[in-house]
Amino acid sequence: MIKVGIIGSTGYAGAEIARLIYNHPQAEVVWYGSRSYIDERFSSIYGNFFDIVDEKCLDDNMDELAKAVDVIFTATPQGLCASLVNDDVLNKVKIIDLSADFRIKDVSIYEEWYKIEHKAPQYIEEAVYGLCEINREDIRKARLVANPGCYTTCSILTAYPLVKEKLIDPHTLIVDALSGTSGAGRGAKTANLFCEVNESAKPYGVANHRHTPEIEEQLGYAAGEEITINFTPHLAPMNRGILATEYASLVKKPDGSLPTEDEIRSAYEKYYKDEKFVRILPEGTYPETRWVECSNYVDIGWKIDKRTDRIIMMGALDNLVKGAAGQAVQNMNLVFGLDETMGLDMVPAFP
Amino acid sequence: MIKVGIIGSTGYAGAEIARLIYNHPQAEVVWYGSRSYIDERFSSIYGNFFDIVDEKCLDDNMDELAKAVDVIFTATPQGLCASLVNDDVLNKVKIIDLSADFRIKDVSIYEEWYKIEHKAPQYIEEAVYGLCEINREDIRKARLVANPGCYTTCSILTAYPLVKEKLIDPHTLIVDALSGTSGAGRGAKTANLFCEVNESAKPYGVANHRHTPEIEEQLGYAAGEEITINFTPHLAPMNRGILATEYASLVKKPDGSLPTEDEIRSAYEKYYKDEKFVRILPEGTYPETRWVECSNYVDIGWKIDKRTDRIIMMGALDNLVKGAAGQAVQNMNLVFGLDETMGLDMVPAFP
Amino acid sequence: MIKVGIIGSTGYAGAEIARLIYNHPQAEVVWYGSRSYIDERFSSIYGNFFDIVDEKCLDDNMDELAKAVDVIFTATPQGLCASLVNDDVLNKVKIIDLSADFRIKDVSIYEEWYKIEHKAPQYIEEAVYGLCEINREDIRKARLVANPGCYTTCSILTAYPLVKEKLIDPHTLIVDALSGTSGAGRGAKTANLFCEVNESAKPYGVANHRHTPEIEEQLGYAAGEEITINFTPHLAPMNRGILATEYASLVKKPDGSLPTEDEIRSAYEKYYKDEKFVRILPEGTYPETRWVECSNYVDIGWKIDKRTDRIIMMGALDNLVKGAAGQAVQNMNLVFGLDETMGLDMVPAFP
Amino acid sequence: MIKVGIIGSTGYAGAEIARLIYNHPQAEVVWYGSRSYIDERFSSIYGNFFDIVDEKCLDDNMDELAKAVDVIFTATPQGLCASLVNDDVLNKVKIIDLSADFRIKDVSIYEEWYKIEHKAPQYIEEAVYGLCEINREDIRKARLVANPGCYTTCSILTAYPLVKEKLIDPHTLIVDALSGTSGAGRGAKTANLFCEVNESAKPYGVANHRHTPEIEEQLGYAAGEEITINFTPHLAPMNRGILATEYASLVKKPDGSLPTEDEIRSAYEKYYKDEKFVRILPEGTYPETRWVECSNYVDIGWKIDKRTDRIIMMGALDNLVKGAAGQAVQNMNLVFGLDETMGLDMVPAFP
C-alpha cells in the first residue's frame, strides 16, 4: 500500500486527490496537510468525507512527512513546493507538485510570469513535466513530477499531434478557453461568490495568464522551435470543466492543397489511439464538458474550415481530475510502476 | 459475473445504473434496453460512455431478456413493468423495478394515485419494498424488488427511527422537500428547459404528488397504524439532490417533558449506527445536497424546537443514486448475496 | 425631485435601491454611502452602473447626510441605523431602515435574537413597520420606517388574510422557505462561493433564524394573540427569489366542515384585490420565483388538502425588490405622497 | 401612441419585446401573435405578465394586422416574414423583422446558409440592416428593418471601429463567442433541458453557424472589401448574455510599429463616444455579461498583445435585449422619430 501525503489537502485539488485515492486499491492517504485547518477534522472542512475519513489536518512539515509517506502531493500556491524540497526529501519520497514551480525549464520565464523568486532552481532540470501521454517514460523514472496546469493539459493535448506532425503552423495558434469556477480555488473572494459568477461569463488574464508560457514551452518542443501563442481564459458559471477551442492555419502541401480530414484523423490516432484517457471524437462531434465530468478523460474533436484554411481544434476535460488530481494520480501510478489507469477507471458522471 | 439487463437504459436513472454497474466488480450490463433508441449506440445518447461502452440499444423484450441475464432493472414509466412481468420471467431472473408498480400494497391506492389499471396485481404481495436499511432480510430472498422512489427514500429514512420509537406524533408529520431537475426525467418538455428551471424554484404536485401514499404506507408500518401526511415537493435549479425538511410534534413523556437531544440521537443510532449509507450528522450540522452528490449516502440531521414542541428533521441524498440507481444496485447486491456496498463505496463528488 | 442618500450602497440591497431610483421619475440618488469603498467610484464596484453613474462612494456621515438629502435608506448590518439616528436627524429627513433595528416592538426580543444592545430604543415605538399593504396609512405619516425582512414580507403576506379572517389556526403555522443567494449578501465568505452554493441546497438557521420573531409579531397582530411558529429557511442555487411554502390547519366551522375554496379566495381578495403588487393566482397555479424576478410583485397561491384538513399557502417574491429595495421605494413613495407604484411598474424579467 | 403587433410573441425574443414595450411611454402592444397558442391568454404562457396583460394570443394574420397596428415585429423562424410581406403590407405598417430574412443582401448566400428559398427577394434591397449605431440614418427612413442577429450585433460592434480605421487586418479575424441558453429558443428539445445545459459548455455550429455570413458582410462593408472569418459559438449554462472574444493581427505602421493603446482607444471613441448604448471600458477592464443583463448596453474592451502583434477585442451584451428585442425597440424609436433611447434607459440588473 502506497502511503500518500497531501500538502494543501483542503483546496479543491487537494481534496479531489483525497477523493480519488480513497478508491485507489493500492494507495491510502495518511497525511492530510493543511496549514489553515491544523487539528481540525478533514471531514469538517469537506462534509462529503464525513463518516469516511476521521483524520485531522496536519501542518505542512515536509521533512517529517518525507519519513512518513511514499509520495507527497503538493497542491499549494506557487512557490511553496520549491521552498520545501531538498535532497534529503527527494531521496526519501516521490514528489508530485501540482503547482507551477517545476513546470517551466527556463527559470527566468518562471520568475517573469509568476513574479516570485524560484527557491530551488537546481531541481528544475531534473523535474519531469507530468503530461502522461507525452512524457510517460520519463515520468516512470522521476523523483519529482511537475503536474501540468489544467488549461495547459487541455490546450496541449488538443493541438499536440497536429503540431508534432507539422500539419498546422504553430505560430498562428490561438487558444480560447473557458473554465468552471473550481479552477479559481476555494479562497473567499468577492469575485468568486455565487451571485457574481452565476449568470455571467468573463475573460480574465487576457494576454498574460500564467499558463501561456507553459503551453508555449511544451508545444514548442513538439514543433521543434520556439513559439508564441495567444491564450485567453474565460470564467463560466459551472463547477467543473475546461473547454479549449483552438485555431490554427493548416500547412498546405507542396501542391497547395490542405491536409484532408483523414490525414488529420490519422495524426490524432498516431498519438492517441492507445491512450485510455484521450477520446478522439467522430467527425462532426465536438467536446462538451458534461461528458467528461468527474473523470480523467480528455475529449478531442476538430473541424477543418476550407473557407479560411484554418482548423478549429476543441478539447474538454475536468479541471479537477485530468486537469489536476486525476493526472497527479496517473503520474503516481507511473512513478510506482502500477497500471496507469488504476483508481481512475470510472465513467464520467452525468447529469 | 452477474449479467445485467436494463429496460429504460436511456433515461437518467437507467444510465446511472449503467454507470454504477461499470465499476461494479461482479456485474456487467449486457442489455441496454431502450425502445426510443433501438439500434443506436448507447454512447451516442450518453456521450460520457464514449469509448467505454460500444453496445447498441435493444428493444424491451422481457421474455428474451429473461434468458440472457440474471437481473433486470426496469427504469421505465409506471405500468410497463407490471405489463411485462409473469411467472416465467420471475422464475428465470430477478427483477428490480424502479417504477412504482409494486411499491404500494393496496392496489386501489396505486390505481387511484397513478390513474392506471394495474396489470399484474397478483405479484404485489410477493414484491419486496426495496428500502435496504429497513427490509434487508426480505430483500435477500426476493424475486421482485420494488425500488423506492427518490423523495420517498429520503422522507422515510429521515423520520423512520422517531416514528418507530414513538418519539414523534406521525399524524402531525409534514414533509417539505426539494429536488434537483434530473428527477423530472429526460423528456423534452418546455417546463424543464434550462431557461425555465434556472433561476427559479417552484412547488408542484401540491397535496397530490404520487410519492405521498408510498411514504404514508411505509411510515404507517413503522407507526403501527395508518397515517396521513402532507408532502410538498419543489423543483430546484440543480441537477442532482433531494433535500427533505420534515416537521412533527414531539411526543411528551408522562411528566410532560419533551424527548431530549440524547434520546433523539439514541433513536437514530439504534437504527442507523451500523448502516454504511446513512450518516447521522453531529448536533448543529444539517444536511446539504453538495455533500452526497454522486454517492449512495443519506445524510440526516435534526433540531428540537422547544418553542413549538416540534422537531425539524432533515435528510439529503442524491436522487439518482440512493434515490434510484444506487439503491437498485444495493438491492441487487442483497439479492445476490454480495457485500451490500459493492460498487457503491465512493466518496461523494464535490464540488 | 426627492434627494436620496443610501448608507450601505455597495451591498446588494443598497445597489438595488440605486438601480430602482435611477428609473424613478421623482427621485435621484445624491449620496452613495459605503464605508468600505470611500472615494472609489460606485461604478467600479458595480459595473452595471458604468457610464451611468459617475459618483464616488462617501462615508456614512448621517448628520451631514441629513442636511443634504430628503430621505436616507440604511441598507446596513443590524445596529448601525440605531446607532446613528437621533432627533436632529429625524427632524430633517425621513429614514427608511432596511435593517432589523426598528422592526420589532419588544426591545428584549430584538436583543435576544440579534445578540446586540439596541442603541436607540426610544424610537422603536415611533417607527412604522413598512409592510405597505398592511400599514399603508401609518407609513404615510412616518418619519422612520422599518422596512421588513425579505423572508418576512413573503411569509406574512402569504398567510395574512387567512390569519386575519381566522380561517387557519395560527398556532399550527409552519413556514418552510427558500431564498436565492443574494440574500446572503456580498461579503466574501467561503460558504457563499459559487462552487459551494451551485448544485446544492441546504437549510440554515433552523429554529433560530432572526426573521422568526418578526413574522410572529406581525401575524400575532393579525391573529389578535401571541403566536409561535416554525420557520425554516433554505439556501438555493439561484441569485434572486424567495419561495415560502406554509402549512396550517384550517379552522372548521361549527358544523365541522372546512372552509371552501371560495371562502379562502374571498379572504385573499378582501385584502389584496386592489393591491397592485400582490397577485392572487388562479386555482391550481402556484408561485414560481421566475415569474417575479426583478419586480415588486408577490405571487400567492394555495391548495386545500382535505386529507389532512390543512391548507398549503405559497408565496414568491424577489428578495432584492419586494423583499428589500423595491418595498423601500414603495415606502418612500408613501412617505412623500407619491403614487405608490412610481418607479416600480415593470414587468418581471424572464428568462 | 404607437400600436404594436408582435408575430411570434411567445418565443423568448417576442416576449421580451412585449416586456420592453410595456414600459415604453409611447407604444403599446395590441396584438400578441402566436400560432402555437391561439386563444390562450398570453399571461398563461408567460406568468410574469399575470395581472398585467389580459390579452389572448392571436393568429399570425399579417394582412389583418397591417390594418390594426403601426408597426409589426416578426420574432419568428427564418422564412416566415419573407413569406408574409408584400407591397400592401409595407404601405400600411413598418416591419421590424427579427429573423434573418432580410439581413443578407446576396440572396444566394442567404439560401446557401439557411437552406431555404427566399420568398420575397424583391424587398432585400430596400430592407435596412438595423444595426442602429452604424445605419442610424437609413433606419429612420426605412419601411422594413432587418434586425441583426445576437452574435452578430456583438461581434460587429466589437470590431467595427478597428476594421473601419484599418488598424487590424480583417482577414485574420477570429470570433470566439459564447451565449446564454435563451438564444436557443423555447422549443422543447432534449439538448436544451436544464440537466443537459447546466454544468456544461460546448461549441456548436463550428465553421458553419448562420451568423457567419452576416458578420462577414457587415464588416466587409467597413473594410471596403470582402472578408472571410472564423466564428465559433459556444453554449454556456446561463439564461442571458453573449460574450465575444475576437482576435486579429494589428496592422503595422510604415515604421514597423504597432498601433498604440491611445490610437486604438481613439478609434473606438471616434465611433462610439456619443453612443448611449456602447460603453467603452477603461484599460485593463474587460466585459462581463453580468454587467449588461436586462439592458440594451454593449460593453467593449480590448488588450494589445505585443508578443503576438495581435489585439484581443471583447464585447458583451444581453442577447435578448441589444441582441434582439432591445435593438428592435431602438429601431422602432428611430423609424418613428422618437428619442432613440425611449423605453430602453434602464440600469442593467445585477445580481
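Going in written order, the chains are labelled A, B, C and D, and every chain counts its residues from 1.
We adopt the following convention: a contact is a pair of C-beta atoms (placed from the backbone, for glycine too) under 8 Å apart; a residue touches a chain by one contact, two chains touch by 3 or more.
The structure displayed is predicted, hence computed values, not measured ones.
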Task: Chain pair, B-C or A-B, that carries the greater number of C-beta contacts - done: B-C
Open item on the list: Under the over-half criterion for shared residue numbers, do copies subunit C and subunit D use the same patch or different patches to meet?
Closed with: same
Open item on the list: So the centre of each chain is just the mean of its C-alpha atoms; given that, what is the distance between subunit B and subunit D in Å?
Closed with: 46
TODO: Let me have the rounded angstrom distance from the C-alpha centre of subunit A over to the C-alpha centre of subunit B, please.
DONE: 37
Task: Residue numbers of subunit A (touch at least two other chains) - done: 12, 180, 182, 195-196, 198-199, 237-240, 288, 290, 293, 351
Task: Complex interface listing, subunit C residues touching subunit A - done: 12, 180-182, 186-190, 192-199, 237-239
Task: Of subunit A, residues touching subunit B in the complex - done: 12, 15, 18-19, 22-23, 46-52, 182, 199, 239-240, 279, 281, 285, 288, 290-295, 297, 299, 345-351
Task: subunit B contact footprint on subunit C (complex, rising order) - done: 174, 176, 178, 180, 195-196, 198-204, 206-207, 228-230, 232, 234, 236-241, 243, 245, 247, 286-290, 293, 303-305, 307-308, 310, 312, 314, 351
